[in-house]
Structures are given as structure tokens and as C-alpha cells.
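The structures considered in this document are given below.
Shared between the two complexes below is chain A, which has chain B as its partner in the first and chain C in the second.
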Partner chain A sequence: MSKKLNIKTVVYVFLILVTLVSALPFYMMIINATRDTKDILMGFTFLPGSALLENYRTMMEYVNIWNGFKNSLIVSVLVTVLSGYFSALTAFGFAVYNFKGKQPLFIFMLLMMMVPGQLGLIGFYELNRFIGTLDTFIPLIVPAIASPFVVFFLRQYLASTLHPSLLEAARIDGAGELKIFHTVALPIMMPAVATMSIFTFIGSWNNYIVPLVVLFSPEKFTVPVLMGFLKGSQVAQNLGSMYIGIAISVVPIMVAFLFFSKYIISSISAGSIKG
Partner chain B sequence: MKKLDHKGYFFIAPFFAIFLVFNIYPVLLTFYYTFTNYEGYGTPEFIGLANYARILTDSYFYEAFFNTWIIWGLNFALQLGIALLLAALFSDLRFKIKGLGFFRAIFYLPNLITISSVAILFGIMLDWQHGSVNMFLQKIGLISEPINWLNQPVTAQVSVALILTWLWFGYTFIVLMAGIAGIPGEFYEAALIDGANRWQTFVHITLPLLKPIMLYVMITSLIGGLQLFDLPMLITDGLGTPEGSLNTMVLYLYNQAFRYNNYGYAATLAYALFLVTVIFSAITFKSMYRKSVKE
Partner chain C sequence: MGALNREQKDMEEQSAKHKVVHYPQKKNKVKRNESLKSNAIAWAFLFPFMLLYVWFMLYPIIQGFFTSLTTGSFGMAREFSGLDNYVRLLSDQAFWQSLWNTVYFVLISTPTIVIFGLILALIVNAKLKGTTFLRSAFFMPYMLSISVMASIWVFILQPYTGFLNAILGQLGVSEEIFWLGNEHLAWISILVATLWWTLGFNMVLFLAGLQDISEEMYEAADIDGASAWAKFWHITLPSLKGVVTLVVILQSVASFKLFGQPWLMTGGGPGDATRPLVQYIYELGFIQWDPGYASAVSYVLFGVMAIFAAIQYKLLVKKEG
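Let's turn to the complex of A and B:
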């Protein structure tokens, strides 16, 4: 009996160790954000310092991180809305109607889903240069209208939830097809759209290479690009300010995760079983 | 069979219009550039297969190829090992470990954080003389001299692999737990009754039944891993420093295109990367699939 207890203790110690490793970098980030650069260079401590405001002011002199937040928010919200709405529209078209070329088009879409984003990056840059949309949010937002994976997911969802009799009933009531989509199909799809939206939002928020390539003006930078900019600026010498910049970029996501963690984790579990 | 109804086109039209312009066209345009020496201005000059010939003899490309594999491989082995161990502990009927929800959330947390922030955070924390990591390791007595993590090729690659492990083991753990939840409980109860020990239960029940899901994890991780960019780009100077050890395939592509304006060659690198991804995904899938069919 005592041996069993010991193994269990070892297991818990191990789990706590892994927990510490997961959380410690974030803890150090927050602690160092409150410390003077001189103190950070001098030594290591788990206790907070008192230079938080000073670090914040120094950082803001060089990089306006809230502006980056605003940019990221505009881009990510629009991406999420466009991707959700148009994917639902496309999924509805594929699930409900029968038209020539439907199967080939769907399979073509699935095949393109496998192609990594970097493949067309150079052509994408040139396209945007040609149509004059470099250094705008357009190349970050508009392509979200075509999100193959979300379409695929929603179509599978519709196939199992949307009953043809619902559509017939709405048609008999004299509703147009687009109205049927908005009043009957879209509400049914909402839970699936919400699940996809979380991942679309996070993916867009964390996207680095595309905004890095298409944006040039610092006042248009999204948070990830701004972080690279911060590293290349003079603030890089001021460690306390660097830490607070990183912390500000990270903490909101951590707070959001507190509220959504159960939802996010169950979505990952469900997605992988289907996948 | 329902009769043909052309209203469907109306619903899928916006998707395909945007898809064609922002997805298909750039992919084809990039393909066209692979046959040119385009430098970002003027008319691209057709040079046949010269870019493809150049790749075959480009030592930087091979370097990037092997770096990417070393970093991904080390990270994946660690990540899968830790995730499997955790999954085995949490699924063990005899341990009945509490707090799965809490642990799962904490383990998964790093995965959500913007990688560019993670890269810069570890760039500072792994600093040789003043980094928190060395200071901490010295304080608890694990090392006596500070390690110059990001200035030596081997430690730099190990650092990036460990950061990737830190980012991804929680995700892999969640996915494996989902797989284990799908294994009928009777299997474990039967094993318990038959007196199988933990190791036997794990090796003969959990592992074989988890194979399809491990395949899923491996292929998605491989596809993501071959595209490794944010971390090596931002953790040192973005040129693959130290000594080219952090030069990954996408980093090389990015630098060729947007630092040196070799669009034609960078386009060819993009297609080479695509080819590598397809080939290795297919190999992984085939070998794992054949093994699981045999059993």
C-alpha cells in the first residue's frame, strides 16, 4: 500500500514540475516587466520590482503597442466575420444544391487545402503590388472569404444537421433562397461557426509572415510584426521595457484563454477525432 | 437524385472568385517565376530550368533542409514522448489523477501565444551573461558556468527544438487524450482483471489503438514543422545565426525573396519545399498505415 502511495506522489511531483515549466517563462516575463533593466542584469529573483510604470513609459516612447493592438483587432475581427459568413454561404451552396461540376469543385477545394501558404507567397506579394494593395489591410483580410477548411467543416456539419424538410417548409412559406440561408441554415450552423471562429481569430491574430511581407509602415503593423519591430528598435537595450512589451502582447490572450479554455480544448479533441 | 439547381453557383461564387484571385493565381504566378530570374522589378527574363539546377547544388538549401529536419525531429520526439507519458498517467485507472482540466489548460497555454512574442521572450531569456534561464539554472546549481545558448550551433538548435516542444506538447497531449477517451473502457478493465501491469497495458492496448491518432499528430506536426519560420527569424538576427544553424527552409525562402530580391530563385525554393512536404507526408502516411494494417 505504501509503495502505491509513493508512486502516486512521484506522479504528482512530475505533473507539478511540468506545470512549472509551462508557466515559469510567463511568470518570469511578468516579474521582469516590473523590474529595472539594471536589476535584471544584476541577478535573478521571483519577486516583482517597482519599475513597471517607468518601463511602460520608455517602451511607449518608441513603440505604440496599443496601436498594434488596434490593427490586430481590426484585421482579426474582420477576418473572423468574413471567413465565418462566406464559409457558411459556400457550405450551404455545396450542401443544399445540385449543380454541374459540384463534385470536382469540392474536391479541388480540398486538394488546395493541403497546399502550404508559403507556396504562393511570392506571387501573392506581386499580385498585391500590382493591384496596389501593399501596405494596406486588404491582403490580410479579403482572402479570408475563401477559407477551404472552414467550408469543409461547415459542410460536414450541415450534412448531419440540416434537414431538407426545413428548407421545403420555408420555400412553401414563400421565402427566397438567400432568405432561407439567413433565417434557417445560418442559425443552425452557428455553433459550428463559433467553434471555427475561435481558431480563425487566433490564427489571424498570431499570423506573422504575411503581415511582415505586405506591411511597411510601423503605424500599420499588427502585434506580431510590431514585436519584431520592437526587437530591432532602440528599446531592445532596455530589458524591462522589452519584457513589458512582450507581456502586453501576451497577457490578453492568456486572459481570453481563461474564459474559453474548456471550449477550446474540447474543440481540439473533437477536431482530431474527426480528422 | 435531386434535379440540377443552378442557384448553387450563386452561393459558392464569392468563395471561388476570391480563391481564384488570392490563392490559385499567386500559386501559378509563383510557378511561372521559377523559370525566370525575376528580381522584383522590370520584366522577368526566362531562364529555363536554371533555378532548379541551382537548388541541387546549393549548399545553403541543403543546410536549411537538414536544420529544419533536425529541429523538427528533436522537437517531435520529445513532444510525443512527454505527451504519451502524460496521457498514460492520466488514463491509468489505478492512479485516478485529479485535476485533468487544470493541467490540460496549463499545458496547452503556451500553444496559444503569438510565436513572435515567444521568440523575442526566449531571445532575451536565453542571453548568455544576463539571461534569466542561465541565472536560474546557476541558482539551483544545475550548471556552474553560463551556457551561451544562442551563440553555438548545437545549443541554438536544441534551444529552438525545446521551445517548440514547450509550445506543442500540451496540444499533442490533448489530442492523445481524446484518442484514449475513444478506446472502450472494457479493454482496460479486462487488462486489469487479467493482471496486466501498467507497462503491459500501455504497450499492448493504448499504443496500438492510438496509432491512427499519432499518425494525425505526426503529419500535422511535420507539415507545420517544415514551415518553421517565426521562431528562427526572431530569436536571433533573422539570418540563421549562429553559423547558419537556424537557417530553416522557409527562412531561407523569405531571405532570398524579401532580403535579396531573388524572387525567381525564392519561388523555386517554395516549390522545392512543397515537394518535400508532399513526399514526406506520403511516406509517413504509407509506413504508419502499412504497419497498422499488418497488426
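Let's turn to the complex of A and C:
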């Protein structure tokens, strides 16, 4: 009995330590956002300082973090919605119809999932330079609509949930194929689309190298590029302002995560088992 | 991956059934017309995806190969130079260094993340109080973007003003430690930051695998008087094979793509001791404006990844049978 108790204590102590390690950087960041550079240089305290507004003003003189937020939101939301819809459409095509070359095409796409996007980075840049879409959101949004990973997942899901008899019934009722997709298949796929949306959103929100390469104007920067830019700019001398920039870009995500964390975590679990 | 195969089988059965519904006999002429029509409808559904996929995914990769055979900057006339760029690689010290750096990171990060992810998952899967909260706490860093994560860690690790050295100072360490300025410490820093960032995600994947194992197996083992270690070794670990495969593949692909952490934390330094291949590609392409050579390096990265994927496939997937 006492041995069991000891093990439990050890596990709890370990867990508390790991939690502290996970949480401490967040706490440090928020506290330091309220202190001025001189204070920060003096060392860390657990109590907030009084320079919050001043730090905020200094940071806003250099970069408009809210604008970065807006850009990131526009890109991520559009990518999530569009890739959800078009991936569902593609998955439906793969799951429901038999056509020549379906199997080889699908296997080819599976193999291509292993190829990192970076391989085409140079060619991707040249392509966008050629069609004149550099320094716009188009290279961030449009290519991301075609996501083989999401198609793969949705096709597997559809194959196990959509019964052919449902389609036949709809066809007998005289519904067109596109209408069948919208009224029969899409509602069935919605839970899986929602799951994939989380992956897509996180992926798009955190995408760094593509926006770094294709965006030039600071007012178009997404949050990750903006933060990298901030780090290399003069404002990096002002530690308090740096901290507040980081804090602002983190806190909304943290709040959203606290609301949805259970759903997100269970979705990812479901995703890994199904996929 | 076991689940994957199962699903694929299900799917094949399903589509086989479906095939019967659609075309009972292929020889029938009317049915053949129908099959043509079905082909057309299928392609109509796939068209938007395929267009974007070919245009933005495949074309840049193929274009990259032709670029790798040329010299000249962006927007200027390219000169065909054959395999010159690839020959140049052979004697490029910086290339070999960054290739080794990438492989090194894959080798140190993959096992670390798999082992720590599994340990965390085992703990939060135990019937203890507060594990739901802990799962969220461990997962949270994964939601941060790379540059935010890197900025946080730079603040923790930088000398004189860093959080870690401040704490060490208060604990009585008088020496100033340059976490990002020493080759070995810089790699450890990058690894720890990556671990902090991605561990929660991998933990959740393992957790899903753990919750898929049926209770009955453990109950049966209890009746046989198996020790906790024996249960872990003979029930838990074999059942997790599929998830371990998934995590190893996902993690090694992610590690091959390593860029943001060193780029933002160490700048690839000290010297080029932590500069990975993707950073070298980025610098060649977008700082030195040498797309031909950058493309050649990209193709080497692709080749190395393909070799790794083949090895992993042999070791992990095939064994499962």
C-alpha cells in the first residue's frame, strides 16, 4: 500500500514539474509584457510591473500587430473553409465513383504526401512571380485548397459511413450528382470535415516559410512573419515591447484553445485512429 | 497503420459492392455508356482539386528539377548548365555541413519525441485526478506559431537577460552560460524547444492509441498475475505499434523540414553548426538569389528523405504484416 502511495507521489511531483515547464514560459511572457526593459534586465520576478501601456505604444509604433492578426485570420479562415469544401468534393469523387486510373492516382497522391512542400519552394516562387501573385494572399490561400492529406482522410471516412443505398435512393428521387453531394454526402462528412478543419487551421495559422518567401510588405505580413520581423527590428532592443507583441499574438489563441481544448484533443485522437 | 489497412480493406469491399450496383456487366453497351458518363462525373468532382494540385504542387516540383540544371538569378535568362550544380554540391563544405545537421536533428529528435510523448501519454492516461487539465496544458504550446515559440525560447535562453540564466543565477550559478552560442548547447536548446512545442501533439496521438486497447486484455493479465512492467511490455507496447509507426513517420518528416527553430533561435550558428538543409536552400534561393543551385540542394533533400522513407517502410510498416 505504502509503495503504491510513493509511486503516486512521484508521478504527481513529476506531473507538476512538467506542467510548470509547460506553463512557465507563458507566465514569464505575460509578466514581462508589463515591465520595462530596465526591470526585465534586473532579473525575473513573479509580480507584474507597470509599463504595460508604454510597452504597447512602443510596439505599435513599429508594427501593427492587430493588422497581422487580421491577415492571419483572413488567410487561415479562407484556407480552412475552402480546403474543407473542395477536399470533401474530391473525396466524394474518389469514394463513390469508379473510373479509369483511380487506384494508381490515389496511390500516387499518397506517395506525394510524403514529399515536403519545401521541395517545390523555388519553383513555387517562380510560378507566383510569373503569374504576378507575389506579395498577395493568393499563394497562401489557393494552393492550400488542394490538401491530399484531408482528401485521404475524408475518403476513408466516407467509405465507412456512406452506404451506396443512400445514393441510389437519392438518384431514384431524381437528384443530380452535385445535389446528392450537397444534401446527402456533405452532411454525413461534416464531423470529419470539422476534425480536419482543426488541423488545417493550425497548419495555416503557423505556416512560416511560404509567407516569409512570398510576402514583402509589412502590412501584409501574417503573425508568424511579423513576429520574426519584429525580432530582427529595432524594437527587439525594447524587451518589454517585444514581450507584449508576443503576448498579444499568443493570448487570443490561448483563450480560443481553452474553450475548445477538449474538442480539439478528442478530434486529433479520432483523426489518428481513423487515418 | 493497422487501422489504416483495415479501413482500406473496408473501403475496397465497399467500392466493390458499389461496382456491382453500377455496372453488373461491362460487356453491355448501354452500361458502357453509363460507365463513360460515370467517368466524366467522377472527373468533374476531382477537377478543381486536380487543377490546383497539378498547378501549385506538382508543377513547381518538376519546374524545380529543370531549374536545378540552370544558372542565373530569378527573372533573368537561364543558362543551361547540365549537372554543374550537382557537381558543385560535392565540394561544397557548407552543403555537407547542413546535410549532416538535418540528418543529425532527425536522429536526435525522433527518438526523443517518441519516448517522451509515450511517457507523457502513459501518465495522463492513468486514472489520476486532473489529467484532463494536464492534457490541455501539455498540448497548448503546439498551438503557437513557430516564430512565437522561437521568440519565447530566445527570451528564456539568451545570456545576461534570459530567464533561465536568471534562475540559475539565483540558484548560485555564477557563470554566464551561452545556450545559443555553443554548438552542443545550441542543438540541445533547439531540441528542447522543439520538444516543448510538439510533445503535446504526439502525446495526444499516443493517447488515442492507448485508449484503443481493450480493458479485457489487462484484466486477463491481472488474473494471470502479470507485473505492471510485463503488461506494458506484452500488451501496451505491441498494441501501440501502429501509433508508434505513425508518430515516427510524421516526426521524421517534420524534422527533415527543420527550418524555423534554428533560423529564428540561432540563425544557424554558431558558424553554420546548426544550419539545416532547408535554411541553406532558403538562403541560397532568396538571399543569394541562386535558384538553380538552391533547387539542386532541394533535390538532394528529397533524395535523402526518400531513402529514409524506404528504410522506415522496411523497418516499420512491412514488419507489421
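A few notes on this one:
Keep in mind that, in the parts below, the second predicted complex is superposed on the first by the 264 of 275 C-alpha atoms of A that agree within 3 Å, B and C clash if a C-alpha of one lies under 4 Å from a C-alpha of the other, contacts with A are read in each partner's own complex, and residues count from 1 in each chain.
One rule holds for everything that comes next: contacts are C-beta pairs under 8 Å (C-beta built on N, C-alpha and C of every residue); 3 or more make two chains touch, one makes a residue touch a chain.
This structure is a prediction, so every number in the text was calculated from the model and none was measured.
With the two structures aligned on chain A, chain B clashes with chain C. In the superposition on chain A, contact is made by A:N206 with both chain B and chain C.
Contacts of A:E168 after superposition on the shared chain: chain C is touched, whereas chain B is not.
Look at A:G120: by the touch rule set out above, it reaches both chain B and chain C. When the two complexes are overlaid on their common chain A, residue A:Q156 makes contact with chain C while staying clear of chain B.
Of the two partner chains placed by the overlay, chain B and chain C both lie in contact with A:M28. Contacts of A:G93 after superposition on the shared chain: both chain B and chain C are touched. Overlap of the chain B and chain C contact sets on chain A: residues 8, 11-12, 14-15, 18-19, 21-23, 25-26, 28-29, 32, 40-41, 43-44, 86-87, 89-90, 92-94, 96-100, 102, 109, 112, 115-127, 139, 142-143, 145-146, 148, 151, 177, 181, 202, 205-206, 208-209, 213, 223-225, 227-228, 230-231, 239, 242-243, 246, 249-250, 253-254, 257, 261-262, 264-265, 268-270, 272-273, 275. Of all residues in chain C, only 3-4, 7-8, 10-11, 14-15, 17-19, 21-23, 35, 38-39, 41-46, 48-50, 52-53, 55-64, 67, 74-75, 120, 123, 126, 128, 132, 134-148, 150-156, 160-161, 163, 166-167, 169-170, 196, 200-201, 204-205, 207-209, 211-212, 243, 246, 253, 256-257, 259-260, 264, 278, 281-282, 285-286, 291, 294-295, 298-299, 301-302, 305, 309 touch chain A in the complex they form. Touching chain B in their complex are the following residues of chain A: 4, 8, 11-12, 14-15, 18-19, 21-23, 25-26, 28-29, 32, 40-41, 43-44, 86-87, 89-90, 92-94, 96-100, 102, 105, 109, 112, 115-127, 139, 142-143, 145-146, 148, 151, 177, 181, 202, 205-206, 208-209, 213, 223-225, 227-228, 230-231, 239, 242-243, 246, 249-250, 253-254, 257, 261-262, 264-265, 268-270, 272-273, 275.
In the complex of the two chains, the chain A residues touching chain C come out as 8, 11-12, 14-15, 18-19, 21-23, 25-26, 28-29, 32, 40-41, 43-44, 86-87, 89-90, 92-100, 102, 109, 112, 114-127, 129, 139, 142-143, 145-146, 148, 151, 155-156, 159-160, 164, 168, 177, 181, 202, 205-206, 208-209, 212-213, 223-228, 230-231, 239, 242-243, 246, 249-250, 253-254, 257-258, 261-262, 264-265, 268-270, 272-275. Contact residues of chain B toward chain A in the complex are 1-12, 14-16, 18-19, 21-31, 33, 82, 86, 89, 94-95, 97, 101, 103-110, 112-117, 120-125, 130, 132, 135-136, 139, 166, 170-171, 174-175, 177-179, 181-182, 213, 216-217, 223, 226-227, 229-230, 233-234, 250, 253-254, 257-258, 263, 266-267, 270-271, 273-274, 277.
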